[in-house]
Amino acid sequence: MKYVENLLKDYKNGKISQKKVIEEIKSLPYKDIDFARIDHHRALRQGFPEVVYCPGKEADEIVGAIKEIKDKNHIVIATRADQDIADHVMDKLPDSIYHKKARIISYGKFPKPAAKNYALVITAGTADIPVAEEAIITLKAAGIKTKTLFDCGVAGSHRIFKEVDLILNASAIIVIAGMEGALASFIGGLSSCPVMAVPTSVGYGASFGGVTALLGMLNSCASCVSVVNIDNGFGAACIASMIVKQSR
Amino acid sequence: MKYVENLLKDYKNGKISQKKVIEEIKSLPYKDIDFARIDHHRALRQGFPEVVYCPGKEADEIVGAIKEIKDKNHIVIATRADQDIADHVMDKLPDSIYHKKARIISYGKFPKPAAKNYALVITAGTADIPVAEEAIITLKAAGIKTKTLFDCGVAGSHRIFKEVDLILNASAIIVIAGMEGALASFIGGLSSCPVMAVPTSVGYGASFGGVTALLGMLNSCASCVSVVNIDNGFGAACIASMIVKQSR
Amino acid sequence: MKYVENLLKDYKNGKISQKKVIEEIKSLPYKDIDFARIDHHRALRQGFPEVVYCPGKEADEIVGAIKEIKDKNHIVIATRADQDIADHVMDKLPDSIYHKKARIISYGKFPKPAAKNYALVITAGTADIPVAEEAIITLKAAGIKTKTLFDCGVAGSHRIFKEVDLILNASAIIVIAGMEGALASFIGGLSSCPVMAVPTSVGYGASFGGVTALLGMLNSCASCVSVVNIDNGFGAACIASMIVKQSR
Amino acid sequence: MKYVENLLKDYKNGKISQKKVIEEIKSLPYKDIDFARIDHHRALRQGFPEVVYCPGKEADEIVGAIKEIKDKNHIVIATRADQDIADHVMDKLPDSIYHKKARIISYGKFPKPAAKNYALVITAGTADIPVAEEAIITLKAAGIKTKTLFDCGVAGSHRIFKEVDLILNASAIIVIAGMEGALASFIGGLSSCPVMAVPTSVGYGASFGGVTALLGMLNSCASCVSVVNIDNGFGAACIASMIVKQSR
Amino acid sequence: MKYVENLLKDYKNGKISQKKVIEEIKSLPYKDIDFARIDHHRALRQGFPEVVYCPGKEADEIVGAIKEIKDKNHIVIATRADQDIADHVMDKLPDSIYHKKARIISYGKFPKPAAKNYALVITAGTADIPVAEEAIITLKAAGIKTKTLFDCGVAGSHRIFKEVDLILNASAIIVIAGMEGALASFIGGLSSCPVMAVPTSVGYGASFGGVTALLGMLNSCASCVSVVNIDNGFGAACIASMIVKQSR
Amino acid sequence: MKYVENLLKDYKNGKISQKKVIEEIKSLPYKDIDFARIDHHRALRQGFPEVVYCPGKEADEIVGAIKEIKDKNHIVIATRADQDIADHVMDKLPDSIYHKKARIISYGKFPKPAAKNYALVITAGTADIPVAEEAIITLKAAGIKTKTLFDCGVAGSHRIFKEVDLILNASAIIVIAGMEGALASFIGGLSSCPVMAVPTSVGYGASFGGVTALLGMLNSCASCVSVVNIDNGFGAACIASMIVKQSR
Amino acid sequence: MKYVENLLKDYKNGKISQKKVIEEIKSLPYKDIDFARIDHHRALRQGFPEVVYCPGKEADEIVGAIKEIKDKNHIVIATRADQDIADHVMDKLPDSIYHKKARIISYGKFPKPAAKNYALVITAGTADIPVAEEAIITLKAAGIKTKTLFDCGVAGSHRIFKEVDLILNASAIIVIAGMEGALASFIGGLSSCPVMAVPTSVGYGASFGGVTALLGMLNSCASCVSVVNIDNGFGAACIASMIVKQSR
Amino acid sequence: MKYVENLLKDYKNGKISQKKVIEEIKSLPYKDIDFARIDHHRALRQGFPEVVYCPGKEADEIVGAIKEIKDKNHIVIATRADQDIADHVMDKLPDSIYHKKARIISYGKFPKPAAKNYALVITAGTADIPVAEEAIITLKAAGIKTKTLFDCGVAGSHRIFKEVDLILNASAIIVIAGMEGALASFIGGLSSCPVMAVPTSVGYGASFGGVTALLGMLNSCASCVSVVNIDNGFGAACIASMIVKQSR
């Protein structure tokens, strides 16, 4: 840090005032760095392009954001897009696709998934499938091979045992469940890889919009379970894609 | 209700004032009944003698209550008794017994359990056993045959399958679990009788002293599960004893 | 488990690799079981056919599920069906019936209720009746004789005493109440059979959509009360039907 | 408000600066009042001397406060006093009395209660009695005739009917209950005067230290019930004393 | 209770079976009472006719209930009625009146308020006025003289001091406030009569639909404040009417 | 307080009754002050004219309030105005302006901001901008120079460092963030002036409508952070304007 | 499933009763499997031996459990052990070691960590270190190379940048923070691998024993963050060890 | 950023591998900055030396931290120190002083407070004084003139009016209150400077350890009120000191 040494010399020699020195020193550590490029490096750093989160953005802002990211990436996805937003985007970007259940707009070509290792997406009930679809499209955009097991509620646990090999051989598992969220503990007790649990807002009354499932998953007696926000299929898929990529 | 007819006649004839009539009518439905005996009939009505709930009572009040109930019953139990209370009671009533893990004092002779039909008490972990003991002593005092399955957490679900006959043949099941409470859903999916779920205060952090288990059990995807208060092994046993008795 | 013995022999003799053995052993306990039939046996096991829970399912999925279950059962019910779903189902399955207050679609012939023993359904107020209807149709589908006591709020407790015989002779009681939910304790103090308490979302302000009633019921000073989720008339009826059947 | 008129005249005549005027006007409404006497008039205004609330005060501060109030009143009470505080106060003020269950220190002579009209204090269980005692001593200090009904839980509702006249003739009723707090609704349905409900911290698990009782009471289906803070027997007694005094 | 004596004699003499005796004894305390008249006496007992609470009732049920009560009372009110319900009722009962802000339908002639003593209704802000109107119409239906002070938020406390006589001379005060609900404490510190605090759902964010105001009022440092449910202007008015009537 | 002295003399001399004296003394401290002018002095006291808060007011009431305040101020703002209200106001007051994103109606001329010192408004994401606009218009109405930094979420912390001088030289900072609200701590660690944190209702699931951000901000490890209500851009701006004014 | 075919044939031929067939079919899917060995295979399946969780177990039970697991593993750890438990265990198993800050007892030889790839454990403050120690000992027992960064609170974010290479090269990161938990988002924005966030109970007031940190982490704006229970350093380490092992 | 240009040239010329380039680019923005000095500049930046927060630190760590900070500052304070910690520190640093009520250890010479402008600290009750002391010592350490108003609960609002000049002339006000926290709104309505509200854990029952006061303050109807964590007198004082310093 030559700059600081010179600064202090100048001060001692009376070239600059004490006030000037203090001011410079205060802001020093944050200055003089070219951050401009950092955002486009995110794909390198996290194995994933930046994603457009739609809520709170206007349709034209979303179109603009998609186009900007697309310039430096093969594929962009925009999450939590409702039908109106999707119609607007598809109108402006005719090659974009709206994955309705997943509420995702994709723009660009999905990469070919690597042959080796896969993420497994498991849901407790039919109503959890939209969240699963959000995870699946996200994994697809990250180039991850993905397998699925739908409608495996813990009250019908025998259904799961037929598929135990699928569970035992996965590199990362996403468990998606509402109500009491017990499926995460159950799968966690069988699996040999990390389980990302996604509580869903499925349920009524004392399910409190997913809070009960969330709490249940956080208290899982299986030690390989970690949890993301309610209905956050996207986040679980980001983590799963990192794990699967590292495992190859 | 002759009384009312006479009352009104007297009023018409001027024997009593209007004010008097109104006063009488107001309180009428609640008067003139001998409720004194009702409490001793509880054993007849609910198949269970009155129980002494210790917290908030002084040691001598508990001794007095036990003796009073004992006069009309073969056995009395006092629940949630800590060691100090127990020492005091056993000092005053030398034939009483303190079931330490269950925190129950019993006084009198346990009835011989009926040979037919049984209640099954299942716990998720070692730390849930005190609540299970409360349930077991209570069932014993009610003359119910009881079987147990301890340490069957859902993350080790295979342990349960060995005992599936025990589950399928029970007349009532009590499932006792802390943390995420998923065991209730799991057992509920296998059983063919009502499941009384008892959340326990076992756990830490986001288990919130049993609230998470409680919420999980209330949201059970298995439709035969109902829930009692946190750590309420006694209540679950009361209901189970009613069900088993009716099933004989 | 001959298979394991042979497996290990083969390994010792060099016929299979160590890796192969470990892989086999890992998945062993869950393999080679024919679970396919289990679901259709649910009616045998729990005295109740599978039920279609409508929320989160599309109309055609519901029609498909109803038809599939109906093939192996005399009657199917689909719960929490709104008018749109009901119209669609009745269009596709002209013999189906929509029980509007109960929000249940039934398809098939209700069984003749057994003459002996009955479940009693009690509500605190007029607004609790839809939940009661859900319970009543469910009990009817299970072939349970059902009696009702509507509009018995605890603040008008004298109304209940006229019907005390109805309460004392029931085999199972379902109490449905919103606001403070005190009716469950009150009935629990009179009854001689298990009481399934259903909190309802009836109320405003600090009733918190049924949470206050739920908490009140969980803390009932009557020891024969257990609780199901808010507005869960269906679940209470399932448990009541099990108890009544066992009591015959 | 001559002062303001003069102030403005002086300003126009240049005697004072604009700044001075603005400053004066800003604080005007709050100035020049002799508040000094107001606190000693509280007994006149609310029919009750100031009370010393002990928590957070040191023992000597409490002694000082008691003495200061006593100078202008016949009786002083200090609430929520634990044994240590009480010992210290009784050491310094030998005529003071410690009402242990009520956790109240009284100093001075209790007034003779008025013969006419009474407050009724009802508790659900034995454990609620300390809160009741706090209310009873407070009422006594206010010169209110007080009657009591202890141990009247709603699950044993028949016990109450024997005493219905006591309820119907009261001028104010205090209902003290923990657990589900249903007693408030029940009494509210029978009474013809205001009911002050006091939730207590009696209970365990989902009673949440009195919150469940509090919520239940706030949602009472009886329209004459209002609620004070958990364990606040003192507050309920203050209100009851006002009502009884006004009713004479 | 001659009946019981005879019952037991008959049993000893073999005229009736043991089973019969037990059955009779179980239901004894609740039998043989004529509750039929009790509901029409409510007006006598609580100084107020029964009221129709509209939510959860269908329009025709409401019309029916109003007519039935009207037969025995001069005036009926139906609370929480929305415009649709009101239109239907006014169509069927042309003499009924819809008090729109209060959401109350009245049917019959309001009594002339007693000249002596009054209830005072105070609101913190403009948005609290609908709840105040509910209280005012209710008081009017009960024949209580009513005065009002609107828009007196604590942050402009000086506004209140001008009206301090109105506060000091009231027999009962209803304070209606949302947000932090501090007005209740402030008025409680000035008043010499009971204060019924009504939290309102006015506010946003951390006001949690009135919960913050509710909690603030329950913790009031003024000892004459009790609280009713959020937005429950009706309940506060019922209690105030009782107090004012007793104070005459 | 001559008045009191005379009052007591008159009493001693028998000119007035004891009752009269007590009555006078009770209300004394609050009497005889001219509060009428106080509200128009608010602009002097807090450097800010009174503001019209729209929710719960009818359109005409809002127009009336705006006009009344405008008479004594250069500019009035009305906050939380939706489009319907705005249309009505602009129709009646054609010179008023609707700032749509900020949901503020302004009427009158914005003051020229002082050249010296500025408030800095920082948002975490695009969706937080409406709250920021509410703060910005409010600051503008108070004559405060304002700078902005939008879309600076903590997960992309490097973006902030480029602007560290802007942060270090501000006199007051408003940080607006939803989700986890971590931006407040981050900025608080860099800034040398008070930080007003505004949690927003941006987010989903366990963001609980802004509660998570609120709690995070309250627990900030940076000691210069204080917090206002969820989405309360207006309040944060009021405080910031006071600080900036004092700092000049 | 020959067994079932034979069963039905036997039934048709009258060799067994219908009741017998139904009973067999009910329990069929769960029967006849040798689960006995499954627990000892856990080390194979999850790369980790079974661990003894101490709370709720008596000292001798813990000793027994440790010995039993040790027979089949090189190392056993017992978590959440307080000093008393540790003293007892070390007395009975003299070679065991008590890691006091981590509250872990280890028994046996820690494996040599693999040279390749490491987990990084980061804490926000000094008070979070015990939870970090629990994670570190757990990782050590699993043979994972571990690096640490302590005392990196987000309010002093510049401290972290010096260590950015450590973050960028990790295979799994554990972030441990109390109070607002913002560190997880901050690290998540820099890292290229999964981040396991552990909220701690460090803090006071509105930190609610870790709930605020927990909620903040669940709402992280960084998409690679998942969360475990409050203070659950052990669970985070289990997941991290799985990820690091897979990444080799 | 010459470095990056050279880096890419070297890559094109084959001097370094592609992998090397990517690695360098990833970490680039965070490298090569001398953060070492930043912490000692905190006193310059925020007008306050670093403070030692004691909880979770061992006594010797605290002594070490105090000494290290003292080397570069005239005064150090250590907050939330209990008696044991204080004894240990005073033993090791004989010149240190323990301010017991404030739970602060100071070491070094308090600066002479500036003559101009002051902070005002107001408490609602006696029990809030320890939090006030924490604020006062903190302000003293920052060289701020401080005035106090103790025991000014809103239910005795007239006490405050005598001191209205003290309020109107302050540069920053700290309001400290438990229970319902209404004092913040009340003072906020009178003051002309920012009010930092500190909720305290004073109260019982539904005060929830300060949460009710916290919520009340966040919903204050006075627009100049912002809030810090429960019992956080230190934080409020830090902000107040910044405001007072800027105002000089």
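Labels for the chains are A, B, C, D, E, F, G and H, by order of writing; each one numbers its residues from 1.
We take it that contacts are C-beta pairs under 8 Å (C-beta built on N, C-alpha and C of every residue); 3 or more make two chains touch, one makes a residue touch a chain.
Since the model is a prediction, treat every value here as computed from it, not as a measurement.
Engineer: Expressed in steps between touching chains, what is the minimal separation of subunit G and subunit H?
Structural biologist: Tracing touching chains, the least step count from subunit G to subunit H comes to 1.
Engineer: Relative to subunit F, which chain's C-alpha centre is the most remote?
Structural biologist: B
Engineer: Which one of C-E, A-B or F-G makes the same contacts as G-H, at least in over half of the residue pairs?
Structural biologist: C-E
Engineer: Can you check whether subunit B and subunit G touch via the same residue numbers (shared by over half) or via different ones?
Structural biologist: different
Engineer: Most remote chain relative to subunit G, going by C-alpha centroids?
Structural biologist: With centres defined by C-alpha atoms, farthest from subunit G sits E.
Engineer: Rounded to the nearest whole Å, what is the centre-to-centre distance of subunit E and subunit G, using the mean of the C-alpha atoms as each centre?
Structural biologist: Centres of subunit E and subunit G (C-alpha means) sit 55 Å apart.
Engineer: For subunit B versus subunit C, what separation do you get between their C-alpha means, in angstrom?
Structural biologist: Here subunit B and subunit C have centroids separated by 23 Å.
Engineer: Report the inter-chain centroid distance for subunit C and subunit F in whole angstrom, where each centroid is the mean of the CA atoms.
Structural biologist: Roughly 52 Å separates the two chain centres.
Engineer: Taking the mean of the CA coordinates per chain, how far is subunit E from subunit H in Å?
Structural biologist: Spacing between the chain centres: roughly 48 Å.
Engineer: Among the residues of subunit C, which ones contact at least 2 other chains?
Structural biologist: 26, 29-30, 33, 35, 38, 45, 125, 156, 158, 168, 190, 192, 205-207, 211, 214, 218-219, 229
Engineer: For the complex, which residues does subunit H have touching subunit G?
Structural biologist: Counting only subunit H, the residues touching subunit G are 26-27, 30-31, 33, 35, 38-39, 55-57, 61, 80, 199, 201, 209-211, 214, 229-232.
Engineer: Could you please specify the touching residues of subunit D with respect to subunit E in the complex?
Structural biologist: It is residues 29-30, 45-48, 51, 158, 168, 171, 191-194, 196, 214, 218-219, 223-229, 234-236, 238-239, 242-243, 246-247 of subunit D that touch subunit E.
Engineer: Which residues of subunit D touch subunit B in the complex?
Structural biologist: For subunit D paired with subunit B, touching residues are 125-129, 156, 158-159, 161-162, 164-165, 168, 190, 192, 202, 204-207.
Engineer: Would you tell me which residues of subunit A are touching subunit B in their complex?
Structural biologist: That would be residues 124-125, 153-157, 179-182, 185-186, 188-190, 203, 205-208, 211-213, 215-222 of subunit A.
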